[in-house]
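Both of the next two complexes hold chain A, though its partner changes from chain B to chain C.
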Partner chain A sequence: MADPTPTPGATNDDPHGIRKDLDKPGQLVVVFLAVLGLALVNIFGSTAMGPGKFTLPFQLAVGSAQATLVGYHFMHLKNGDKVVLLTALSSIFWMGILFVLFLGDYMTRHMIVD
Partner chain B sequence: MSAKHNTPALKHHFEDLGQQHACERLGIWMFLATEILFFGGIFGAYTVYRYLYPHEFEVASSHLNRTIATINTIFLITSSLTMTLAIRAAKLGNKGELIRWLFVTAALATAFMVMKGFEYAEDFHEHYVPGRMFQDELKSARDEIAGKSEEDAKKHQFKPERQKWAKELAVQVNHKHVDPGKVQLFLCFYYIMTAIHGIHIIVGIGCILWVAWEAWRGTIPPENYSTVEVVSLYWHLVDAIWLFLMPLLYLTGAGYKH
Partner chain C sequence: MSIAAPQGAPAAAPVPPEPGPLPVNYLNNGHSIWSWLFTVDHKRIGILYLVSISIFFVAGGIAAGIVRLNLLQSDGAIVSEDAYNRAFTAHGVMMLFFFLIPAVPAVFGNFFIPMMIGTKDLAFPKLNLASWYVFMLGAALAIWSVLVGGIDTGWTLYPPYSTRASQSNVIPGVLGVFISGFSSIMTGLNIMVTIHKMRAPGMTWSRLPLFVWSLYATSLIQLLATPVVAITLVLLMVERAWGVGIFDPSLGGDPLLFQHMFWFYSHPAVYIMILPGMGVISEVLTCFSRKNIFGYHAVAWSSMGIAVVGFLLWAHHMFVAGISFYAALLFSLLSMLVAVPSAIKVFNWTATLYRGSISFQAPMLFSIGFVVLFIIGGLTGLYLATLGTDIHLHDTYFVVAHFHFVMVGGMVMGYFAGLHYWWPKMTGRMYSDFWSRFAACVIVVGFFFTFIPQFVIGYHGMPRRYPNYPQEFQFFNVMSTAGAGVLGVGYLMPAVYLTLSLINGKRATANPWSATGLEWVSQSPPPIFNFDESKMPVVVCGPYEYSLGVDQMGRTLPDAPTGAPAELHEGTAADGHGPTSPAKQES
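Right after this comes the complex of A and B.
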């Protein structure tokens, strides 16, 4: 029986390649501080010194940046298989369709003339 | 190096551990996709009503306790870090550190729920709950300033038992055309969204403690680290959802009230 394909990242100490994508604690702490800092930016944005009428898009953009950091680093999408990445992105894509369809309805109702 | 190594962690229907871990990751991500769509529906309904009634949503949001929400945000973001450190410990086969990080994560999650409990209790005590309590409290405040001009209403000395939100809202309802029904609509979103999120937190605490128990029993060797990773992926999603709930519910109106 021929030897099957080698396990990616496998070594004698780590025959299953489990430690090949090991997180660096320092990097995790930097991501943590970035997410925390963005949360404070969001809180600041809700004060009188915030972006005013652009508060909602500003806060959603900050929230998206935080979620991206969490997804990419903490949820290991940076090391993810293509199919995992596709699953994650498809959920965002379908949610986008959901929003476009019903916002397209509610935001255009006033345009209908009886 | 061969891909096929005999290990107790390998389930019989997989070729090797790499394939097994990939399947486990894909499985939990498929579940997370359904969760994203589930919350997407709720966020969508919120977006529609916020688009229709922006002023009422701002007024209602400004009376929520942002201090507790900020503390809870710090708890959840920190718990995401500790959960990721737990995966690292699992990969390294460091059982003590794995259990320690899992317990820290569960403790932070519990602290979140305790703070949320205090917040709900405060809201309930202040009658800031949609329905009869809200309506009676607001009606009492509105009756006190009935017939007064806006300036006089703002200067009015309310009875001491009147709640702060009711005093401010009474003036806005009487003179700024704020619809109290829409304020209660926001509160419905607030309670439903935070309660559903809270249920996810409680489920997460249960899963984390189960993994800690399994780790203590020695059933999570490095080859089985994906057990920790699967729970961590769920946990990070719960954290990510909060990162949107926080601005949409608590940071809608400008300026702190608490």
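Right after this comes the complex of A and C.
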């Protein structure tokens, strides 16, 4: 109501502009397999690396790649408008708060000065 | 704020309806129980929430009564120590999860967000109804677990006690809180989408009433934070039910992990509770001082500021729990930061009152009470945010007094301000002017007597949640319990006169307070789709043009409520000089 012009991509039977032809089945399967493959990479990769210094960054990097794939393809960020993109970016920022401040405690907990 | 009203005399607001049969409205359109239980009308769902949370408020209040009565004697006056633990847990769980969090967003947010932005309903009416059912399901589980034995962990549910040692109904209670969390997410989502997508023509973001801004910020927190506590509670149940080591150190877990995750939600949750109250206050203070809000953008953006900064402070609850010294330093500093947007609000409210023509109806009295008590609550928070003093004050009655000043003195006062402000619109009836003012005074007095003594005993070292205490604290505990009695009477008074108003209250006009918001445009109680469907509102100006005497549709306001001279704003509207008109200067 604030904006009387119809949403881009809106049709008569779908006023919200979610286009049914957005996802090609083949593409969905490829992305799905890629996410599963990355999970295997994560599991076997970190097992091979053992509890080393770079294991956690490696695991987080693979996990981020998976999340990006899901967000970009499955959650349709690839054709979201600016508000959707802004929402996605701010939720990443918010996750950043969660992780950085959490780790801020855990990684400095044993550094007590006397 | 620019006015885009057409030149010439603005069309007058409709004359108040003559007494007679009420026109069709959302209340008299169907009286069967099913017309309520299956309604998708946001106003009726708001009323459903109002009735439910009133019951939970009474339940939580009874638990508080048990706690206070037991503290009359230093060795516990009425209940066993075990029952005492269950009583204060029941008080916390009921009041926080089933009263404070839904209080303003689910009742007034539901009811008034669509009306204030000039639309027919929330974006997802069925989701709205679903949220009430989910809420009631969670509440039923939680109440059941309180009635059949109770929970003895405190509302914070810290492991390993809650997962290993506690012999009480932790799992059903936690499950109840978990389920009701979804209702909070649904309401937040609904309100947020509605504000984005369904504003009336002309209702730009900088013309939104501040109540809408504050609920937008609240919804943001509800959406982001509630899933975190949900997963935390699931982990808690998993550990308790199946002994999976997550938080319990004897199983290889980390109890501080629970505290981190719990407070990552529960600190922002206090802003879920207080922000809507701040929104109500912004509406009421402007209306009853007949002035535009001072610093509209500052107040609006400070809501968003609180919502964001509120996520950066959670570990101030853990200063003595064993977190890193450096993290504690950081969180102490960040906790101070939230004082900035809070203070911005308080200063702007004060500046709004300055040279306003103030009248002291009940909503205004509650709002002034809010500001005073919130200032005390906020400033005592600084003692707790400071690392050094918190080591002394942590887990004492000082903390209890502090958060009751913010949550009860702030939020419950804000809730009552909203209830009294919007009651004529919601029910179409006026309540007793005398008794409502009297109740506001009784509540403030009772509040001071209840919680000021707790600052004193807390500072002198009485720990919270202890059933027993040294003899020298008895004087203050008795004073606090006496104050709680006065407070209880104060809370019962609105229940009586508001109920009586439904039976024999004077018929409310469309705009009894002469307020500017769109919710006052249509009749009281509002019609089924909020506005006359043939002429949905078109907004031409900002939300608080009291000095011009026009509502958001640019129409002349009816007479101001008693206390504010009616000719004042009529004069200013006619000569068009706004706040500098001679009539204003005389006041």
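One rule holds in what follows: the second predicted complex is superposed on the first by the 76 of 114 C-alpha atoms of A that agree within 3 Å, B and C clash if a C-alpha of one lies under 4 Å from a C-alpha of the other, contacts with A are read in each partner's own complex, and residues count from 1 in each chain.
Here, a contact is a pair of C-beta atoms (placed from the backbone, for glycine too) under 8 Å apart; a residue touches a chain by one contact, two chains touch by 3 or more.
As the structure is a prediction and not an experimental result, all values here were calculated from the model.
In the superposed model, A:Thr47 lies in contact with chain B only, and not with chain C. Of the two partner chains placed around the shared chain by superposition, chain B and chain C are both touched by A:Leu98.
In the superposed three-chain model, the partner touching more residues of chain A is B, compared with the other of chain B and chain C. In the superposition on chain A, no contact is made by A:Lys78 with either chain B or chain C.
Of the two partner chains placed around the shared chain by superposition, chain C is the only one that A:Thr108 touches, whereas chain B remains out of contact.
When both complexes are aligned on chain A by C-alpha atoms, chain A residues 4, 83, 91, 94, 98, 102, 106-107 touch chain B in the first and chain C in the second. Interface of chain B with chain A (complex): residues 1-5, 7, 15-18, 22, 25-26, 29-30, 32-33, 36-37, 40-41, 44, 47-48, 50-52, 66, 70, 73-74, 77-78, 80-81, 83-85, 87-88, 91-92, 222-223, 225, 229, 232-233, 236-237, 239-240, 243-244, 246-248, 250-256. Remark: chain A residues 3-8, 10-12, 15-19, 22-23, 25, 28-29, 31-32, 35-36, 39, 42-43, 45-48, 50, 52, 55-56, 59-60, 62-63, 66-67, 70-71, 73-76, 80-81, 83-84, 87-88, 90-92, 94-95, 98-99, 102-103, 106-107 touch chain B in the complex. Of all residues in chain C, those touching chain A in their complex are 119, 196-201, 203, 224, 228, 256, 260, 264, 311-312, 314-315, 322-327, 330-331.
Residues of chain A touching chain C in their complex: 1-2, 4, 83, 91, 94, 97-98, 101-102, 104-113.
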